[in-house]
Amino acid sequence: MPDPISANQVAIESGTSLGKDAWLRLKKNKFAVLGLFFFIFVTLLCFITPLIPGLLADPDSTDLPNRGLPPGEGGFLMGSDSLGRDLFSRIIYGGRVSLGVGFLATLVSLTIGTVYGSVSAYVGGRTDSIMMRIVDILYALPFMIIVIILTTFFGNELWLLFLAIGAVEWLTMSRIVRGQVLSLKKQEFVEAARSLGLSHANIIFRHILPNTVGPVIVYTTLTVPAVMLLESVLSFLGLGVQPPAASWGSLIKEGADHMRTSPWLLAFPSLFFSLSIFSLNAVGDGLRDALDVRASKD
Amino acid sequence: MDQTRYILSRLGQSLLALFCIITITFFIARLAPGGPFNDDKAVPAHIQAKMEAYYGLDKPLPVQYIKYIGNLLTGDFGSSFGNKGFTVAEVIAQGAPISLAIGLGGLLFALAIGIPLGTLAASRKNTKTDYFSMSFAMLGICIPTFVVGPLLAIFFGLRLGWFNAWGWFQPTDWILPSLTLGIYYGAYIARLTRGGMLEILGQDYIRTARAKGVSQFNILFGHAFRGGIIPVVNFLGPALAGLISGSFVVETIFGLDGLGQHFITAATNRDYPLILGTVFFYAVLIITVNFLVDLLQVWLNPRLRAARA
Amino acid sequence: MIPKFLFLSLTLASLSFSSCSKTSRVAEATANKHLLLANGSEPKALDPALVSAVGDANIMRALFEGLVANHPSSDTIVEPGVAESWSSNDEFTVWDFKLRKDAKWSNGDPVTAGDFIYSYHRMLHPELASPYASMLWFIKNAEEFNREEISDFSKVGLESSSDHDLRITLKNPAPFFLQVLKHTSWLPVHQPTIEKFGTMTDQFTLWQRPGNHVGNGPFKLDSWKINRSVEVTPNPHYWDRDIVKLKKISFFPIPNEYTEERAFSDNQVHNTYTVAPSLIPFYQKHHPELIKIEPYAGSYFYRVNVNQKPLDDPKVRRALALAIDRKSIVEQVTLGGQIPATAFTPPSETGYSPDPRISHDPEEARRLLAEAGYPGGKGFPEINLTYNTQDSHRNIAVSIQDMWRRELGIGTINLLNQEWKVFQATIIDEKYDIARAGWIGDYTDPTTFLNMWRPGETNNNTGWANEVFAEALESASYLSDPNARFEKLREAENILMDDLPIIPLYWYTRVYLKHPDIVNWDPLILDNHPYKHIDLVSASEQKN
């Protein structure tokens, strides 16, 4: 039984739940469905195939005489890297790292950024000023040194990786959400909800945030690739996945150095990375449309 | 009157934020292992101690801090440890014009790529045009700058010979680095523009305008544009600060002596005064652009204007 | 619509550009005798007392000249510099230098023996805190003065009977002293200039700036822009100015090896500082005339923390060392023609070569490991192999980790990469198990490689303190007969190689790209090319 005075209920004439309604609309978007399937396929590929024994070559086992072989040669599906390791196998194992980090860290930054930005804008006044100046301060602090210090004191811990990535990525998110909420909070439906005496939390989370979903989804899908690449930068500072283990970011970086001599080392990891991000964005766009309450009336 | 008070209070807050940034940076920079004077071949301990004494690093940290703040108030940022014989102000002043040229060029490319693509995609939602322009934009995000840069340098520099692949000698040397930056930021802007425009195009007043028979062009640029680019404007703050303060990757690829190098090398050299100098520069930049963005947002959003008046 | 427009604009653009062909910067520079050098990283200073990096030393050799100078094609021949002649006593402990009368500073002042004494006084002064002051500790009482054990500089073994006579008295016999003198730490500075902008011991003052800078080398400072270039032009007062052929040298700091290769391919610079391993086979195949691979006095090795279990057992260290296939590393990973190390000191034309003490012997390695209590790698504790972040270090470490796993069954070695300064702190604090290291010789004598392993030396950092080794070096330092001395040093090196606080991997080579226009640039083991001999002649003219 939904809340009797929910604005959602006003919006959804059919009476189905918001989620179910959105799913129905998402299913109609072929591009988004395709993206979703591809994304699930890549995720399964990365997480399931390594579990099947004997299917993939050891991603860390070097084979110096067979280094730098182009795709197809010497039994390497996608060629071998400069130390003779199987590139396909490294991409699959690397995908586990990148997809895992990409999602978890994005989730962290999404949660912090949305809550922080919306509270700041909604409350407004002095609180908004203080909260936004804190964001300014965090923006300006030298990220690299902070990462170096954190790794020195706490060692190379996984939670530290998420903390470090989350700590930078939520800032822009919070500013985007704040901007959206600022423009929403003076709108009629918010005034109406307020005059009905709803709690602030209720207003923020049930009435305002659903309306910021468009830009938030878009920025979230942009954050995922940024986070994946940031992961490889952090590994240079000694935080996160350490060699010989790979991630898509580190494979692309290595491939970039070999682009003139062994272009496949750049092409294949980039292909996996790009296609995953493309399909993720298709899903994101579809989701945005599906959740856009007003547009659905067209 | 109200406007002046708002600006003044914002200025006060910003100074306080700046002070916090400097203070935090001062202390955390010292926490990082390794000092400015250990080098490839380690120097004897007594020499190390003398060097630290010469730069006042042997004094208690609070004493150094007070001295630093005192100097800062007189406009003295100290001397760089990494670039011996240059003051921090000189180092930043040498790099700033190049970073500014590359950054503004990058912004130009980013807006020129991002806004038309995003608007086009939004106006033809879920058509081939939409998919094509968004895929094109996504390439800019999926192919990181450390791949785009060398590719552009190799293709336009080495293959076609249109531009220099390296260096800062000719008036055209800003184009490839700016383009590298522009492709990346342009992709963000395209996606955010599309999202923002779609948000606005779904609103009642647009529907009303459409019902009245207003042309698509007028709807897009007359009615929707102002509200539609709000997410872009919010993104622009940090993006602009990032563009102007220079990009380490792009500078390294094209051999430019901008500020981006100093942000990284100051940290890797443990060049404390330069770390503080670059952080100060960046902080002023980010605070200023975020302030401008907030003003711009009020201007773009009539409701906020009404609320503040 | 968009692709069509894009295509059209690209075509238009290509038409408008392709009509004008670009004159290459290098061709123009060669015609103007302007040498464009990629020089690694940005110089820390232009003061010979304060620099330590190899790239900085290159600029120093253009701006200053010491008592003796480098020969353009030989490492052993000593060229006269400010000193036109010299002699030593039979024990090689007292050296007399006769300074030429026409040696001038770039402002026209004469270079005198007093200038050298002033410079060495400054270099050794504890308050200046020169990072390379220890290079001057060869002089009698210099170390004591530098360590503030004596405060009277007149006790240090430097004296001059006239403006043109300098006598240097050494602590111990040093038949190789003239080689040491080629190092940048022995270059003189101009007293009036130093003191115009500060005191003798002020670390960095405005004297290093273009316009203020005064040197006595074949070139003088023209401009210095941070991260862009240092440019030098001929010094009109240089005594040997007629031999100087170049009109200008630009030193560009290009720290990224891929960037400098693109700059070279684009004809923006005459050389590269180094070549990325992945590009070496490419150049060998397509442009063998451009790539140079030359022996270099450097040793790449792993430090082993001998206080850490199980590495405190010499058998474990030897097992690890013998399990490494160095030939594969140099031929398949580093690719630059490096030489698999059989000891620590790289062989050179000085006549010293160490006894080969380590090789690739997996059988013996497994036997030793079993003897140490880890048969087949069983029970081997988890240890870290630490290296500073760089692709080549990573690739070597990954390969060696895999060799240890395959040959010895040790699967418990973790790779750990650290940012450069963090890495240095880790080494100095000896908080590592095994760590990557490299050492470049300062002069052509084995002591530049061996002295650092004495107990308590600043760069030892392994926890290894072997008194027998120290005594062998000590007794070698009193020997003035070169052969007897080398024999004793070899004995010391064998002790080092039997105990293995370090695992040598390979001896360096210098790998770089060089434009054919550069003339008189010949292979040198320390890579110290005297710029006054170098010339630029376009390749087509060279054939005529």
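Just a few scattered comments:
All chains are identified by letter, namely A, B and C, in their written order; residue positions are counted from 1 within each chain.
The criterion applied here is as follows: a residue touches a chain if its C-beta (ideal position, glycine included) is under 8 Å from a C-beta of that chain, and two chains touch if they have at least 3 such contacts.
None of the values given here were measured: they were computed from a predicted structure.
Counting C-beta pairs in contact, the pair that comes out ahead of the other among A-C and A-B is A-B. Chain nearest the geometric middle of the protein is B, using mean C-alpha positions. Note on chain placement: the centre of chain B and the centre of chain C lie 38 Å apart, centres being C-alpha means.
Between the Cα centres of chain A and chain C there is a gap of 45 Å. Centre-to-centre separation between chain A and chain B, using Cα means, comes to 21 Å.
In chain A, 148, 152, 260 are the positions where the chain touches two or more neighbouring chains simultaneously. Shared interface positions of chain C, i.e. residues touching 2 or more other chains, are given as 258, 419, 422. Touching two or more other chains at once are residues 32-33, 150, 154, 268 of chain B.
Taken in their complex, chain B has these residues touching chain C: 32-35, 37-48, 50-51, 54, 79, 82-86, 91, 94-95, 132-133, 136, 150, 153-154, 157-158, 160-162, 164-169, 252-255, 257, 261-262, 265, 268-270. Per the touch definition, chain A reaches chain B in the complex via residues 29, 31, 129-130, 132-134, 136-137, 139-142, 144-146, 148-149, 152, 171-172, 175-176, 178-180, 182-183, 186-187, 214-215, 217-219, 221-222, 225-226, 229, 252-253, 255-256, 259-260, 266, 270, 273-274, 277-278, 281, 285, 288-289, 292, 294-295, 298.
Only residues 258, 276-279, 281-282, 328, 332-333, 389, 391, 394-395, 397-399, 401-402, 414-419, 422 of chain C touch chain A when the two sit together in their complex. Note for the complex: chain C touches chain B at residues 2, 13-14, 17-18, 21-22, 25, 42, 44-47, 50, 52-53, 126-131, 133-134, 146-148, 203-206, 208-209, 225-228, 252, 254-256, 258-260, 262-263, 265-266, 268, 419-428, 458-459, 461.
For chain A in complex with chain C, the residues that touch the partner chain are 60-62, 64-65, 67, 82-84, 148, 151-152, 156, 235-238, 242-244, 254, 257-258, 260-262.
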